[in-house]
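We call the chains A, B, C and D, going by the order they appear; numbering starts again at 1 in every chain.
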Amino acid sequence: MQRIGVFVCWCGSNIAGTVDVQAVSEALKNEPGVVFSANYQYMCSQAGQNMIIDAVKEHNLTGIVVCSCSPRMHEATFRKTAATAGLNPYMVEIANIREQCSWVHKDMLTGTEKAIILGKAAVAKVNLNTPLVAGETPVTKRALVIGGGIAGIQTALDIAEAGFPVDIVETKPTIGGKMAQLDKTFPTLDCAACILTPKMVDVAQNENIRIFSYSEVTEVKGFVGNFDVTVKKKARYVNEDICTGCGACVEKCPMKKVPNEFNLGMDNRSAIYIPFAQAVPKVATIDPNHCNMLKNGRCGVCSKVCAAGAIDYKQQDEYIQEKYGAIVVATGFNPISMDKFDEYAYNQSKDVITSLEFERLTNAAGPTAGKLLRPSDLKHPHTIVFVQCVGSRCASCAEKGKEYCSKICCMYTAKHAMLTRDKYPDTEVYVFYIDVRTPGKSFDEFYRRAVEEYGVHYIKGMVGKVFPEGDKLKVQASDLLNNKQLHIDADLVVLAAAIEPDKSARPLATMLTASMDTNDFFTEAHPKLRPVESPTAGVFLSGTCQGPKDIPETVSQASAAAAKVVSLLVKDKLKGNPCVASSDELMCNGCSSCERVCPYGAITYEDKEFRMPNRTVAIRRVAKVNPAVCQGCGCCTVVCPSGAMDLRGFANRQIIAEVDAICK
Amino acid sequence: MYRISTQSLNTLFEEISRVCTLYIPSENKKGDSVYTRYETGVEYSNKLNTVRSPKDFFFPQMENLMEFKTEGKTVQLIDIREETEDFVVFGVRPCDVKSFEVLDNVFLNEPVDTYYKNRREHGVIISLACNRPAETCFCGTFGIDAAKPEGDVSAWMTEGYLHLKPNTEKGEKLVSAISGILEECDDTAVTALQENINNIMKKLPLANVTTEKFGGGKTEEFFNAPEWAALSESCLGCGTCTFVCPTCQCYDIKDFNTGKGVIRYRCWDSCMYSEFTKMAHGNNRLSQKERFRQRFMHKLVYYPENNNGLFSCVGCGRCLAKCPISMNIVKVMKTLGGKDNG
Amino acid sequence: MQKITRDLLVEKAVSLLENGTVDMVLGWKKGEFDYDITPAVFADADSLKDFVFDDFCGANFSKYLISNTKKTASKVLVFLKPCDTYSFNQLLTEHRFDREKVYAVGIPCDGMVDIHKIRAISGEGIAKIECGEKITVSTIYDETVNIEKADVLAERCVTCKSKKHVAYDELLGEDGEVLESARFDEVEKLENMTADERFEFWQGELSRCIRCNACRDVCPACTCEKCVFDNPASPVENKAAANSFEEKMFHIIRAFHVAGRCTDCGECSRVCPQHIPLHLLNRKFIKDIDNFYGEYQAGEEVGSRAPLVNYTTEDLEPGEAVEGR
Amino acid sequence: MQVNERKPLIVAFCCNWCSYAGADLAGNNRLSYPADVKIIKVPCSCRVNPMFILRAFQRGADGVILCGCHPGDCHYTSGNYYTRRRMALLFSMLDYLGIEKERTRVEWVSAAEGAKFAATMNDFAQTVAALGENKRLEDLRCKK
C-alpha cells in the first residue's frame, strides 16, 4: 500500500477562484492510500516544493499527487521535487485542476466537485504506480539543420562554433534564403547582402559544417539522440567538388530564356545557372527542365567550355544516409500566392507587384540594377500605392488568406516607403493600412520618421479595387479616418502579401512526427517556456517555420535553438522515457501482432526456454521490447489479446483505476 | 395417489402457481428445454433433460453473499440476502432428484451453507419418471430407478394422465393445497408404466456400465493410471461438463468493487479451469491431465470415499451430449474399469 | 472423384507412420455412439483401428498442432478439411507452431452434420446412424427415420465459404473452389433490424451464456498462453457473468480479440452448449472489415497482414462506421 | 437535486500530444464545456483498449469519447490510424448489439484546437444528455 501525499495548489486565484481548494484537500484525505493532504498558494514555488519535500520526509510518503495546472506545465518540476525528496520521480501524478477544471468551469460547486474527482483519479493511479528508471541511449554528436536561410545559417554556425558537426540541407542550389533577396533591412537600413553574405562564407569555410544544397530530406527514422536521416541530393549535373564557380558555362549557355526565380521571374537566367554572385556553394546547376542537352541531347556547350570538366550530364540523384543527435527545422516562409486576390489586379498588370518583388526592384543586384522602374514600361513611377495586410488578418476570407498577422509587413512597408521618398522625392507614396503595428526596438521611431520626415501618406483604410486604365492603375480606397472614398491614379501598386510556411514543411512534419498548427506553422513544445523546441524530443524550431518573424527575432531564435541542440549534444547519454512497453514473457504467445503495429521497430522476438510442469522444458517464441527504441505510444498493448504487453506508467490497471475513480 | 388429465396440465400449473412460484421445463427458441418460471402461456416441454440442471435452484451459478461499505476508515458489513419464498420445481428427472442428495452432503453437513439450506427448505420438488430415456442415460449405473423418482412429490405421465404421489411433508402440503383439481386413483397405470420403463432401461446402450471398479479407497489404483494421458489428450479445458453437471458443486468466492462498496459473491468454478483452487503458492494442478483426472477421481473415488459410497454422478448424460470433444465419464469408466465394463 | 473413406485415411496414416515421415497422427476416434467422436492422437498403426471418418468429424485439428508439434522430433500427420486449412495458415502467420513439424493431408469435405438437428427430428434414444446423402437413424424404440443430409448440415457447412484447401503437403481427392456463400445474410438481417430489436435479440441470446468458455477454448484463434478472462491480474477476469453487462463484455472482447484473425471456421457456435450463434458476432467483424478495408480472408495466405495490424491513410472514420456498412 | 437534472457522466480519453494539449488550450482561452467531461490522459489514442471503454460504461459512464491527433499528425506517426480502425469496428459492433451509437465518439483535436475541443465536448455532452441514462451497457451493481 502506498503512502500518498496530496498537494492542492491554489495557483493564486487561478484555481482557488473557482475551486474550493480546502474542500478538495479535505475530501482527498479519505481516499485509500492518502496519509497527508494539504493546499498551498503556489505549489510550484520554492516554498511549495519544500512543503512537498518536508511532507515526504515527515510522513514517509511513497507517492505524490499534485492537484495543480496541466502536467504539461509542471509535471517535470514536481518530478524533480520528488527526486530531491528521495522518491522516484515517476511516483508523481498531476491532477489537472486548472486548465481542465477551474479555467473552464465558472461555478465554485461544480469546479470543486470535478477537482475532487480528478484528484481521486490521480490518487487511484498513484496507488498503482511503480518506480520507473529511465534507460540510457548514446547520443550521436551531429546535428541536422533543415533549411539554409538566415535561421538555418545562424543555428548551424552556433552549433559548429560549439564544436559539433552540422549538416545543412537546403532545397535551393544555394543557401541564403529569403534574406539574400532583400535589399535593405529595417529599422537600421543596412544592406541585407552586406550582413548576410559574410555569414554564408563563414558557413562555407567552417570545417564543422557540411552543406547539402539542392537537396531534401526524404526519410527520418529513430528518435532523439539517434535519428537516421536520408537526404536526397538532387542531380545538379555539375560535379560540386570540381566546379570553381567561374561562370563561363553560364555565360555561354545558349538557353537564356528561363525565368529567374531569384528575381521572382522579373528577368531571365540561363539553363545552367548560379542563382546569384555570392551563392554558397558557388557552383553551377543545370535546370533539367530547360537544358537542351538533358532534354534532347542536343547542345553540350557548357561541358565544352568548362575548363575544370565539372559538367556531368549523367549525374543521378544521390541518397545520403546519416545519423544525427538533433534536428533543427528552419524551413522558412513564402509570400502567399496573389492568384485569389483579383481585386488588386495582380495577374492583370505587371505594375502590381508584391513587396518581395519590390525588394528585387530596388536591389542593386536586381533586374533593374537597383533603379526603381515600373516592370511594364521601365518608366519611373511617380505615384506608388502600398497595400498592407493583403491576405493577413483575413478572418473573414480564410479561403483566400490567413487569419494571422504576418508581423513583418508594417515595418518593411515603412522601409519601402521611406527609401522611395529618400531616393525619389518626386514620388508620392500612399500606404493603406488596417493598423500599423510597430512593437520592437526602434520600430515606432522608424515608422514615425517615414510619416513625419519623409512625408509618406499613411491612410487608414483598405483598398477596395485596383484596375489598370491606360498606363495608370486606378486605385479605389477608403479613408476611414476622414470617412471618404479615395481614387488614386497610381503608377505602381505594391502588395504586402501575407507570409505562409514553406510547402515542404507539412510532409517534413509528418516525417519528424512533429506537430503543426492549422496554418502549418510548427507547434512549439510550450508557447512561452519552450518556444524553440518542438513537442517531439530532439526536434528544434528555428525562424519562420514556427511563426512570422523578422530577422532579429529569427536570428535570436536560431541561436536559441542552437543552444538547445548544443545542450543536447554535449551529453554522452540520454535518459530515455521510462514509460515504455514491456512484455510479460510468461503470457506472450509470440504472435507478432505487436511487432506489426510498432512504428519504431522496437519489438523483436526470441525463442526462450520455459520450465514446465514435471521438470519439462518448453521453448516458446516471445516478444522483447527494446526500451531505448520504444517511444511509449502503447499501440502494441491493444493488439496483444492476452494483455502480455503493457505500458509502464500507463498500465492497463492504472488507466482502469482512473476510469473507476472517475465513474465512482 | 392422485391424477389429473394431461389435457388439464395447464390447470395444474395455474393452480400451483397460485400457491407459490412454479418452474416447469419449457422449450426455448433453440428447441432446448429450460426451467422457466410458469405464467400463463408458458408451455410444458416433455424433453428428457433440461440443458442446465435443476441444481441452479439451490446453488445458482452466481450469488451475492454480502456487501462491504467503507466510510472513511471504517468498514460496514451488510447482509444482502433476501428472504427466499416457497417455490415448486416441476418435472425434475429421477437422476436430477438424486443429485440433490449429492449436493446436500456437501452443503448441509457442518459447516452448513445457509444460503443453500435456505433455498433447499423453500423448494418443493415434483419429480417425473422418464418415459423415454435417451441413449446417453445411465442412471441405472448409480442405482437410480428412472421409473421411481424420488422428491417431495413423484409424478408419472401415463396415457392421458399425470399421476402424483406425495412423499414428504412438503409434498403432502402442496398436494392438499391443489387437491381440488386432482382425483384420487390407484397405481395400476403407474405400475404398468414402471414395468415398461424398466424394460427400456435394460435395453439402453449404456445399461451395462458399472461402478464396480470404483469407489472409496481406490486412489492408489487409479491416480497414476497411464490411461489418463490419452483420455485427457484432447480436453479443451472448458467448463461445459462441470456447468451442465447436476452434481458439480465447486465454487469460487470473489469480491467485486463497485466503486461504492464491495460485493462479495460466489460463482461456480470448474476443476477444468487453469486457475481452479489456485493458492498463494501457485497452482497445484498444472496440466490439463491433472485437472481432468481431478474431476473424475472426485466423482468416482474421493466423493464416495467421504460419503458412504455415494458416487458424485447420477448418469443424467448431459456431459455426454454437451462436451465439445465428446469426452465423458462413461468413456473414462470404460477405459479405467477394464474391458468388462459396459 | 475419389471418395474419401475411413480406410483410405487409415491407409495413408499407416504408410506415413511406417515410412517414418510422421510419428504421430491427429485423427478422429470412435466414441460410444455413432456421433460422439473425439479428437485423438494415434501413435501407431495398431491404435488406428479406432480411427473413424464420417459426417460427424467436424472437429478442427489446427489448434491441437500447437501442443502436439512440441511433443515430437519428427512430424505430426494432420488431416485438414478445407475450412481447417485457413485456421492452419492463420496459426502459422502467428508463429504458433513449426510448419516443418507437420505433414498436412488435405481432404475434401462435403459438409458435416449436426447431431442436435438430427435429434430434433429423430427424438431421443438414438441407437444407430448411417451416414450418406440420406441419413438413416434408428432408435432404441425401434423407430427408423430417414433424413436428407442437407436438412441436418451443421450451420457453418450450410454457409460454407470454401471447398478449397489453402494449405497442405498432400491432397487426397480433388480440390474445390472458394464459394460464394450467403454467410453474411444473417448478419445483414440483424443489421436491418431496429436498434431495439437488435438489443433484444442479443440480450436474449447472450443471456443463455454459462461462461463455460467452450467457444474460446475450441477457437483456433484463441491461443493465448493465458486468456485475459482467466488472468486474475486482468481487470476483466471472472468465472461467471454477474449480469448482462458482463455477458456482453465477454462476448464483445472475445470477438474483438479475434477480429481480423478469425477464419470463420464456426467451431465456436458448434460447441456452444446453449446454441448461442456466436459466429454472428465474428461474422459481423468480418463483414465490416470486408466493407471498410477491402475483402480480407484470415488464413488465406500465411504472413498476410491482418486488418487490425494494418491501416491506410484513407480509412473511414469511426463515426461513419455504422452508416458505412 | 431534482431527478430530471441528472448529469450525464462522460469519460474523455485524450492523447498527450494533441488532444490533451487542445484541452489545455481550451482552458487557457477559458472556453467552457460541461464539468461532466472528465479527461484521462493517455500517451496516444492507440493506447485506448476497447476494454477501457466498456469499463467506463460498466462503471456508470453515459458517454465515452476518444480524442487524438488528426490522422497524419500522430506524434507516433501511425497510432491514430490504428485507433481509427479499432474504434470503427468496435462502434459498429456496439451498434450491432443494439447499443446507442451516439454514446461513443472519436474526434481528432490538435494542440491548436482549443476551440474545437470545447465545442466537441459541448456537443457530445448535449448528445449524451439527450440519450438519457446508459441502460444498455450498465452494470446495476455499480449504480447503487
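In this text, a residue touches a chain if its C-beta (ideal position, glycine included) is under 8 Å from a C-beta of that chain, and two chains touch if they have at least 3 such contacts.
Please read all numbers here as calculations on a predicted model, not as lab measurements.
Pairs A-B and A-D differ in how many C-beta pairs touch across them, and the larger number is found at A-D.
Each chain gets a centre from the mean of its Cα atoms; the one farthest from the centre of chain A is B.
One finds 72 Å separating the Cα centroids of chain A and chain B.
The distance from the centre of chain A to the centre of chain D, with each centre set as the mean of the Cα atoms, comes to 30 Å.
Separation between the centroids of chain B and chain D, computed from CA atoms only, is 47 Å.
Chain C has its Cα centroid 30 Å from the Cα centroid of chain B.
Among all residues of chain A, those that touch two or more other chains are 597, 639, 652, 656, 660, 663-664. For chain D, residues touching at least two other chains, in rising order: 50-51, 55, 59-60, 72, 78, 82, 86, 141-142.
For chain C, residues that reach two or more other chains under the stated contact definition are 226, 228, 235, 242, 308-310.
Residues of chain C that touch chain D in their complex: 187, 190-191, 195-203, 228, 235-236, 242-243, 245-246, 248-249, 252-253, 255-256, 259, 281, 284-285, 288-289, 292-293, 307-313, 315-322, 324-325. Chain D makes touch with chain B in their complex at residues 59-60, 141-142, 144. Those residues of chain B whose C-beta lies close enough to touch chain C in the complex are 28-32, 47-48, 51-52, 61-62, 132-136, 200, 203-206, 230, 233-234, 236-240, 242-244, 252, 254, 256, 265, 267-270, 273-275, 278, 320, 322, 324-328, 330-331, 334.
Of all the residues in chain A, the ones that touch chain B in their complex are 30, 612-614, 660-661, 663-664. Across the interface of their complex, chain A is touched by residues 72-73, 257, 259-260, 286-287, 290 of chain B.
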